[in-house]
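Going by the order they are written in, the chains are A, B, C, D, E and F; count residues from 1 in each one.
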Amino acid sequence: DFLGALEEVRPSFGVAEAELQRCVTNGVIKFGDHIERILSDGQLFIDQVRNSERTPLVSVLLHGPSGSGKTALAATIATASDFPFIKLISPETMVGFSENAKMATIAKVFEDAYKSPLSVIVVDCIERLLDWVPIGPRFSNAVLQTLLVLLKKPPPKGNRLLIIGTTTHRDVLQQMDLSEAFNADMYIPSIQNLKAIETVVSGINLFSDTERFSAMTYLNDAWKDQQPSIGVKKLLMIAEMARQDLDKVDKFVATLLDEGSIPTRK
Amino acid sequence: DFLGALEEVRPSFGVAEAELQRCVTNGVIKFGDHIERILSDGQLFIDQVRNSERTPLVSVLLHGPSGSGKTALAATIATASDFPFIKLISPETMVGFSENAKMATIAKVFEDAYKSPLSVIVVDCIERLLDWVPIGPRFSNAVLQTLLVLLKKPPPKGNRLLIIGTTTHRDVLQQMDLSEAFNADMYIPSIQNLKAIETVVSGINLFSDTERFSAMTYLNDAWKDQQPSIGVKKLLMIAEMARQDLDKVDKFVATLLDEGSIPTRK
Amino acid sequence: DFLGALEEVRPSFGVAEAELQRCVTNGVIKFGDHIERILSDGQLFIDQVRNSERTPLVSVLLHGPSGSGKTALAATIATASDFPFIKLISPETMVGFSENAKMATIAKVFEDAYKSPLSVIVVDCIERLLDWVPIGPRFSNAVLQTLLVLLKKPPPKGNRLLIIGTTTHRDVLQQMDLSEAFNADMYIPSIQNLKAIETVVSGINLFSDTERFSAMTYLNDAWKDQQPSIGVKKLLMIAEMARQDLDKVDKFVATLLDEGSIPTRK
Amino acid sequence: DFLGALEEVRPSFGVAEAELQRCVTNGVIKFGDHIERILSDGQLFIDQVRNSERTPLVSVLLHGPSGSGKTALAATIATASDFPFIKLISPETMVGFSENAKMATIAKVFEDAYKSPLSVIVVDCIERLLDWVPIGPRFSNAVLQTLLVLLKKPPPKGNRLLIIGTTTHRDVLQQMDLSEAFNADMYIPSIQNLKAIETVVSGINLFSDTERFSAMTYLNDAWKDQQPSIGVKKLLMIAEMARQDLDKVDKFVATLLDEGSIPTRK
Amino acid sequence: DFLGALEEVRPSFGVAEAELQRCVTNGVIKFGDHIERILSDGQLFIDQVRNSERTPLVSVLLHGPSGSGKTALAATIATASDFPFIKLISPETMVGFSENAKMATIAKVFEDAYKSPLSVIVVDCIERLLDWVPIGPRFSNAVLQTLLVLLKKPPPKGNRLLIIGTTTHRDVLQQMDLSEAFNADMYIPSIQNLKAIETVVSGINLFSDTERFSAMTYLNDAWKDQQPSIGVKKLLMIAEMARQDLDKVDKFVATLLDEGSIPTRK
Amino acid sequence: DFLGALEEVRPSFGVAEAELQRCVTNGVIKFGDHIERILSDGQLFIDQVRNSERTPLVSVLLHGPSGSGKTALAATIATASDFPFIKLISPETMVGFSENAKMATIAKVFEDAYKSPLSVIVVDCIERLLDWVPIGPRFSNAVLQTLLVLLKKPPPKGNRLLIIGTTTHRDVLQQMDLSEAFNADMYIPSIQNLKAIETVVSGINLFSDTERFSAMTYLNDAWKDQQPSIGVKKLLMIAEMARQDLDKVDKFVATLLDEGSIPTRK
């Protein structure tokens, strides 16, 4: 029964809430239209799990460049579901775990979820869960096989489950038949225009108005033939570094130009 | 004796029935002639096992693209045999098992089957049982060798066994000498015409008549130079996603066009 | 002394007899002259072991395509020796064994044989004993080394031993220096002419005379530019499948044409 | 609370101080402007950690050729922070450790740091921590994955952490996605001009004035078409070797010319 | 003291004698001048070990094609030394041993030898001791390293040791730096002329004079453009096989022509 | 304190002395000027360790062809230091050790050395300590990493350490970053002129004067277009072999010509 199930999973739920909050340290700044679209698409998957009898298991993969906000958005979508069981599977809680311990931890979360009528599991940074490294390449095949099976195994009759994965290396997951094990995917892009950068620095009160105008002018000139391309996470880091410097504008612009652009594809 | 043997295997049988039912969540929709032909070919193998003294062991491999219905059809054929011992070997029940545990589990099912006068074993998703991944490639040679031997080892005098395997990677099994260890194989195709798609969506009451007509018209136009190619499992998933959307027809058509076609070979 | 030795090995002998019988389920049909020649050559090796003081250890490798009858013939030759110790080493009795258990099992059979004045050991399906798979390739080097040594290690003074190996992958054994560890080899061909096929189907009473004539006519026409090439084991399987069908002749001919031919080398 | 935390970490702090001192055996000689710049940039990172609420975790990688002074500078920056928790993770204290022991040791230092409001961890000679060797290449993927996660895992709410890594093989770390896990990096060059060499030998009183003049003249002549390139660590070693010789100038110049130059890029 | 040492090693000596005898089952037939030369060269090494103070450790590698008589000759030389400690290290006594057990067994023999004033150790079939297989290639590096060290480690002051190795794969040993660890080597050729073949078959009384003449005439004719090339071991095997046949001459000639020749290098 | 430290390490010292003596069985014959130069260069390193405050750790690698006298010279230099702690790390004392046991043994010697005010450690035949084999290549990365760290880890304040390594495969060590972990290296050449050969055979009284003259004349003629190249160790072995022969001169010259020359580089 529903209440009993709720009872059973509540403790886990509490833990997850704190963990999920930590994934969104700097909030979700609406620096572009796509942010809202991603969140509402996420809501559609939640609705499908809640409503469709025929698809008790739905899975979606959030992928995009490093620091583009995948984890924060996955956590935000999961939290918005209000499902009785929401849990984060993250490499950060498995430091130093053996392959077997990782597999057991992952399997345990799924088994707990199977007991709840409605569940969300966020599987964060899949390449790290797999101990993947491009040299070789090497990775834990045991963890991979565990995920490959769990991504397709439906919960027991009556219960439903949404799985949200995140990765910066979708190409790698594709080679492993892992990305095709997801029912859908969503691309989380890096920031690629000045307007969005301005929105972010405004959001964290880095500059006075004059400073901001000056910084944006510099950047605008510098990026004639180039397009900015920077993850929101790195942008926040650069902003905070600049904040320590005597000449904030200069430090901000210089560091950003160093790291945050790609040649415009004409 | 027959009755004693029946007695002995009955508990296992009960378990398998539930497991096999779960493989056919959305029924077997007759969206093409080949569906019936596959089922009746399956019946021939069952007859051979029941009748032929000379071939106490028969094995057949169901192969085809992802989500084409292999598992559902294997389960349906097995259930139709009405043999006293019917069992499913599936990676889903072996999450986190060690190589040795997998081998033991598989061997145990065969040993149980050897005690029954007539048995069917479904070996589902063989590449996953082998922990196979294309990078490397890597796989469990121990599990592979177990299967290679069990596929050719006849049951003890007087008893008979049908083995039904499924795989999406027959090419891989071929490289491992595993597909040639089967006595026969059957190809389970994806859906490749509009009529079949229409039959499926009708079967699950996705659209009103107007909606369906509209959707089919769209698809017909869009697929002038392309051929649809989609597994029935993915088609059902797309249909259920569309069901959540305000504009079901649009969502259905758009997603299907995104995922479900291949260029026509002229 | 001879009697004591007999005493000692008798229990093992009993077991082997049953095991060896199971290797010849469908008898040895004389569908060609070479069958008799192989059996009489086998007898020569038995005589050599019985008579020659200088060669207390003789070994012969039976090789040929899949299902050509290697195991059945090896078992037949071994049984014909009437030696007090006859034993089968087969992967089928070692399902799920560890590498060490396999080595121990193999070594034990040889140690038992060393105690008998006259012994035959059949080492069946060597590539499977080695856990060999072409991908990699991978195999158990430990089991391989055990065989490499045992194939050349003479029994203790006074005792004699014949080793009969079988394999479908003689090329692989050659790469491992394993085939050259045998003193001799015999090739067991697949069936390559219509007459032999007819002899086999007659032997198992598949057809009425009319049916057989009709089937052979079809096949004769179809194989104008091709040569049949099919193992007797597969031929028997196809015959039994056909037996279930309403139109036996059609099913038999169709399946055989599908699987059993190679282009004639002109 | 702050005091309690201080209490807790003090013992570790004491140990680290001695360990960090040993990394700067021969002091930090100011043989070029960049030395001061590196130290003041290091101070900026310390300030950011102390001040920014938004970036509780900052990491910087010191990289450069063998013996260029990376470890000495990392230790100097860390010591200058005056944070209550300063710790060195070095391969020198893990000789003969198993992979697991290394992982546990590293994880323990981070866990201790998480308990302190302000911490610095120096991760010295990362390629050695990883047991990296170019042949293969081989390395401990388990230790690598541990570092990859710990470099991105923020300390618990309220606490802050600066991570300073050092490596001579930044290219290798790049292939492992490890260098991009750092928020910033600083290049520590080898000595590439005669003036700096003179400053160093003066600093350790190797020569009389005449001797030094003579040595520098020799070197100046010899390096017409070449540029000196030598780590300060190796330079000190050569100087001390020369000190034992009867003809100090000759030994110094000869050894330096042997080891310390690269063709000038014109 | 000499007598005590003798005492100590005698039991081992006894065992070895039997083992060494079994290596020369069919005696040493003098079918060519080189046989005597090999034996007298072997005597020189024994003399060196007995007499030279400066070379307490001497090692020689007997290499040559399969079955050319290496083991028999090594055993013969060793036995001829009359040293108080003579021991055989052979893969045949280590069937199923783990890598560690092999290393321990080998090391034990050397340690025993170190206690005797004068010792000979025959290390037979080195590639097999190493578990070597050309696929990969694979081999036991641990056993290899053990041999590499023991081949160069002098016995304690006052004691002396001769090591005689045998191999069919000297090329492999060369790639492993193992053949250069021997102080000398001797080539044991296969039989390459008719005269030697005649001497061998005479030695074992295979034919009547007429038969022998007839056989030699056949072979002489057949080998116009080819050179016989057959190991004495295989020749003896073929002779004994022929002995069972009704037509001995025919069987002997046919089998020999099948296996025992190489194109003459003109 | 100095005396206490002496006390502590003395037992180890005693053992080492005997071990080091065994490395110089045939003395150090002064067959060329470079022998003295190598020994006096070795003395310089000893002086540096004794005198320089700034370089408490000095390491030098002796490398050169097989049998050129590396171990004997390393042992001679170490013994000449008269330091209170002198120890040999040699593969010969670690036969059959596991990787862990090797690491522990090596680490223990260094830890003992750290307790002595002045120490020398000879690390003999490094490629063998690493279980290195060119096929693969394979080697113990664990032992390698242990050496890589210990070669750069300074002893505790106040104590000093000289490390002398030897190897025939400096190229291999270079690929492993191991040769660059040494502060210096010295090349130990093989014997490459007739004069040196004469000095050696004189030193061991192999020939009468007439014999020696005759041998040298032969060699001189034979080596018109070639240069002798032979390790002193092998030369001594050849000399002792010749000593057993009736015709010493002939055996000596023949064997030497076989093994000891390289084409002159013109």
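The working rule: a contact is a pair of C-beta atoms (placed from the backbone, for glycine too) under 8 Å apart; a residue touches a chain by one contact, two chains touch by 3 or more.
Only a predicted model underlies this, so the values are computations on that prediction, with no experimental measurement involved.
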{"item": "Graph distance between chain B and chain C, where chains that touch are linked", "value": "1"}
{"item": "Third chains touching both chain C and chain A", "value": "B"}
{"item": "Magnitude of the superposing rotation for chain E and chain F (Cα, nearest 5°)", "value": "60"}
{"item": "Most remote chain, CA-based centroid, reference being chain D", "value": "C"}
{"item": "Furthest chain, CA centroid comparison against chain B", "value": "F"}
{"item": "Between chain E and chain C, distance of the C-alpha-averaged centres to the nearest whole Å", "value": "34"}
{"item": "Whole-Å gap separating chain B and chain D, where each centre is the average of the chain's CA atoms", "value": "59"}
{"item": "Multi-chain contact residues (two or more partners), chain E", "value": "none"}
{"item": "Overall pattern in which the protein chains touch one another (line/ring/star/complete/other)", "value": "ring"}
{"item": "Cyclic chain order - from chain E, heading first toward chain F", "value": "E, F, D, A, B, C"}
{"item": "Touching residues (chain side chain F, partner chain E) in the complex", "value": "22, 25-26, 66, 91-92, 94-96, 128, 131, 133-135, 138, 204, 234, 236-237, 239-241, 243-245"}
{"item": "Interface residues, chain C side, partner chain E - complex", "value": "44-45, 47-48, 51-52, 54-55, 58, 100, 103-104, 107, 110, 137, 139, 141-142, 144-146, 148-150, 152-154, 157, 175-177, 180, 183-184"}
